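Order of writing sets the labels: A, B, C and D. Residues in every chain begin at 1.
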Amino acid sequence: MSYQSDLYQQVILDHNKNPKNFREVEGETHSCDGYNPLCGDKIKIHMRVDDRGLIEDVGFSGSGCAISKASASMMTVNVKGKTLGEARTLFEEFHKMVVGELDAKGGGHHLGRLAIFEGVREYPSRIKCATLAWHTLVCAIDKTGETTIE
Amino acid sequence: MSYQSDLYQQVILDHNKNPKNFREVEGETHSCDGYNPLCGDKIKIHMRVDDRGLIEDVGFSGSGCAISKASASMMTVNVKGKTLGEARTLFEEFHKMVVGELDAKGGGHHLGRLAIFEGVREYPSRIKCATLAWHTLVCAIDKTGETTIE
Amino acid sequence: MDKKTAPFDVDKIRADFPMLSAKVNGKPLVYLDNAATTHKPLAVIERVRRFESEQYATVRRGSYALGERATEMFEEARKKTADFLNAGDPRQIIFTSGATQSLNLVAHSFGKSLKAGDEIIISNMEHHANTVPWQILRDELGVVLRVIPVGDDGVLSMEGYAKLLGPKTRLVSVTAASNVLGTVNPVKEIVRMAHSAGAKILVDGAQSVPHVRTDVKDWDCDFLAFSGHKIYAPTGVGVLFGKYEILDSMPPYVTGGDMINTVTLERTTFAKPPQRFEAGTPAASQVIGFGAAIDYVNSVGMDKMAAYEQTLLDYGTRVLGGVKGLRIIGNAPHKAAIISFWLEAAHPHDVVTILDDLGISMRGGHHCAQPVMQRFGVPATTRASFSFYNKTSEIDFLAEGLQKVIEVFG
Amino acid sequence: MDKKTAPFDVDKIRADFPMLSAKVNGKPLVYLDNAATTHKPLAVIERVRRFESEQYATVRRGSYALGERATEMFEEARKKTADFLNAGDPRQIIFTSGATQSLNLVAHSFGKSLKAGDEIIISNMEHHANTVPWQILRDELGVVLRVIPVGDDGVLSMEGYAKLLGPKTRLVSVTAASNVLGTVNPVKEIVRMAHSAGAKILVDGAQSVPHVRTDVKDWDCDFLAFSGHKIYAPTGVGVLFGKYEILDSMPPYVTGGDMINTVTLERTTFAKPPQRFEAGTPAASQVIGFGAAIDYVNSVGMDKMAAYEQTLLDYGTRVLGGVKGLRIIGNAPHKAAIISFWLEAAHPHDVVTILDDLGISMRGGHHCAQPVMQRFGVPATTRASFSFYNKTSEIDFLAEGLQKVIEVFG
């Protein structure tokens, strides 16, 4: 069935059930609250960034649908240990992929397993679910405190 | 043609051209300004009423279309010398006639030559033109100062 | 069989609605989002088409025949609305662009008579449209906003309400039926109590007017707001009923053409209600289509519709109650045909995506009623809301769909 | 012949509009009240019918496919509107219920930033919709309302305007084209001068947007308001364009669902523009129909339409100028295809009744612009306003009709 193959792939279902880094972080230096007003999802990003701009630890809290939770979980796994600049690049690539401006099958990007979210582009209202954690991450990087996806 | 036979009868055209009592009155005791916001017509009624409630003199000023001017003219002719109560009755009969609730050809009313306005009922937006002077008369009787037809 | 006892022929009804034969994702549409908006019977769609193709003119301005006839049709819709609500004098019917605009009209216009310290009472089950306008008044004027609590079963606390009422209460604004919980509130009693306290009362009828017979004379409410698009009429039209004397005492809200008597650059005088509140060229096509929707509803019979919808509610409550891990939110004894629920296995947003793949259109989210979500401690709910064109077989199909959801996320 | 030089085939155009084959009083309709409202091409009527019959769902709320597609169509109309106005970012397009609502939005929301002593400039040729809202602000806030004078020819006095502008001017709100005089104002220059004085500028485009190409980037105006029903779209929809940064600095006007981020009983945060200003269920069918109207206008070509309408204006001015005792009110060198006049023989109200008997729909009255009437010392005017679907033969027929009027009242 289409929803299983396109959207709810097993990896996503697994991350939804057992999200990684679903917790606050010690010595938090950056954080942001993200909202998706359409569905009421709220995700908070917690980060500890060192002097050189390296993400030492990152976690998330809040509530959301399977897509936003799995996306948050996989995001934390992927940005941990990266620099803020690298994380931002990853956000941009991820965003382009889910809105259909980047073909994950092609090269020249760093998405790796995040490519599994490509199917989201077929579900316009779910794109925001997939990007909520990422928008909130960028907000935390920018230290703006609060963001809303519209 | 329909407009000539129904609405613009010769009597009406004559009163429009040469309105009766198109003037203020001396020793005015009652007056009222009447407006028709749809077409911008304004008519002012001037009256001198004696102690017993007899309309000794009545006139009108202002500007308006042929229907409202002719109606005002014929009204003044018809209420002059009548009591306020009689004038009010005439207003009610006139009003009923133009909205189609009174058949001028039948008996039991005092409309006389005013029956010429019966054709107005075929022109809904012109009913207000025909009744503007009358509403303003009642307003002057009630001494309310200002009235608007809606 | 006479009209009263004839069984409800839902297939015949469905044939009146072109949308009900639409396909979604290649599957027949099962539309269960009627609390959001309802589909239009052909009679309504055709009425608008005919007006625009054969009778179109602006209303209330043109003194030519075309404009006069359009005005008559427009005013005829006002009369139909007054009759439909048992409102009496049609001048008490104001056409707006929707329930939100109707509620805002009262907040902005009646609101001008309020001052700091005056109290407004709403409830914890209001739609944002009946919450935010009052918060704005609170923040701008310093009026006090009080909120009637809601019990765990979704029932409005009448004791709580009684305690909030007082000599400073100027307005009570509550919904006749909750768009999330389904709860039908005892409007007549709420009105009586408001009036005893000397307060005016505004009823949000967005979810009740389309589904249960409304009698504003019996209720004795001061205002009633609702939307056309939820009662089988086009989008872009709504209604505010208001008692004439109260409307007549209120200043205008939106200003412009058609609501004035005279305008000079120095001074403007305003028309009487309802014109005072209908500035600008009105949504004539939509109002006329709205009149056709009322005709349609009357032809089916409000009471028959309501009775049938109650059978759907009962059936749905039983069937969904049997789904594992499903908790119905809103269990009032007196409900409109709305079932909100929380499914343990999956977030509402995921539920509706999977249902959508099966052809079922249903809403998951906060339903513009975040304070209700907060009250019941959920971020969102999934909601099935029925109309008299739905069938029990659609409810069975929904239950099957929920089993699929549980399989996927199990 | 290529598209540019092909003569304008008005009969082909007329076939697109079902209303143009209607009869009035048994006679073929001659519709010359296009400044009041315009008829709808079949493409628009059909687009709405199709949406309501095959694609209907509420927009921005439903996360099911039907709702998502409806939302896409809705946002597509926003995009089309932005392109049509050369506005760039579609978030600068707010859908309202009409020009009146658009103007009121600015008055109520931008108006919140004004205080006593601040100055607003309008002109003496404004529609009530661009007069009354500012009078209300004047009366409520104590802002000062200044009025640009109009010359005997109907031309806006630019010297007068320059004199009124000053350090206290906060907003200039003028029409791009007068609905009575026809005058087309030099918007670009008006904007430039307003900005030099540090003021914001709102342009009332109700009469210009349907008839001359609009380029808000070129004008550089801060706001632009207009109505759908005057540009071949359904009633019940209008537009406010606003520069994003300005919109983003403004508080909401109508409040309710869809314009919030979060609502608690204590505190509400609002969405970004345009959502912040589009509370409640929007007029989806009408907005989508509006998008179809823009497509239609684009398919004909705005510049071709405008050029043809200018030939109608020239012809009409010549022909009506030849009618005995007829005085044209509004003789600006640069005019939209609107001819208002005063006929010595008869009051406008009588003129239109007699014309109506001949099948000619035309308006006599103050046209919701009483200050213009006062300026020109007439209680009312008769107005012929043309669209690109009118023909010169209709103007000839009008002239004959006026001869009849003169006969009757002569």
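In this text, contacts are C-beta pairs under 8 Å (C-beta built on N, C-alpha and C of every residue); 3 or more make two chains touch, one makes a residue touch a chain.
Keep in mind the model is a prediction, meaning the values are calculated, not measured.
Traced through touching neighbours, the fewest hops from subunit A to subunit C number 1. Chain centres were defined as the mean of their Cα atoms; on that basis the chain farthest from subunit A turns out to be B. We define each chain's centre as the mean of its Cα atoms; on that basis subunit B and subunit C are separated by 46 Å.
One finds 77 Å separating the Cα centroids of subunit A and subunit B.
For the pair subunit C and subunit D, the distance between C-alpha centroids works out to 31 Å.
Averaging Cα coordinates per chain places subunit B and subunit D 38 Å apart.
Multi-chain contact residues of subunit A, defined as those touching 2 or more other chains: 38-39, 123, 126. Residue positions 25, 61, 63, 67, 260, 262, 349, 353, 364-365, 370 of subunit D each touch two or more of the other chains. Note for the complex: subunit D touches subunit A at residues 60-61, 63, 67-68, 71-72, 260-262, 269, 271-272, 275.
By the touch rule above, subunit C contacts subunit A in their complex via residues 25, 346-350, 353-354, 357, 364-366, 370, 373, 379-380, 408-409. Within the complex formed with subunit D, the subunit B residues making contact are 1-4, 7-8, 13, 16-17, 38-42, 63-67, 69, 123, 126, 129.
Of all residues in subunit B, only 35, 37-39, 123-126, 148, 150 touch subunit C in the complex they form. Those residues of subunit C lying in contact with subunit D across their complex are 18-19, 22, 24-25, 29, 31, 33, 36-37, 39-40, 42, 45, 48-49, 52-58, 61-67, 97-101, 103-104, 108, 124, 127-133, 135-136, 145, 147, 227, 229, 234-237, 252, 254-260, 262-265, 267-268, 279-286, 349, 352-353, 355-356, 360-365, 368, 370-371, 374.
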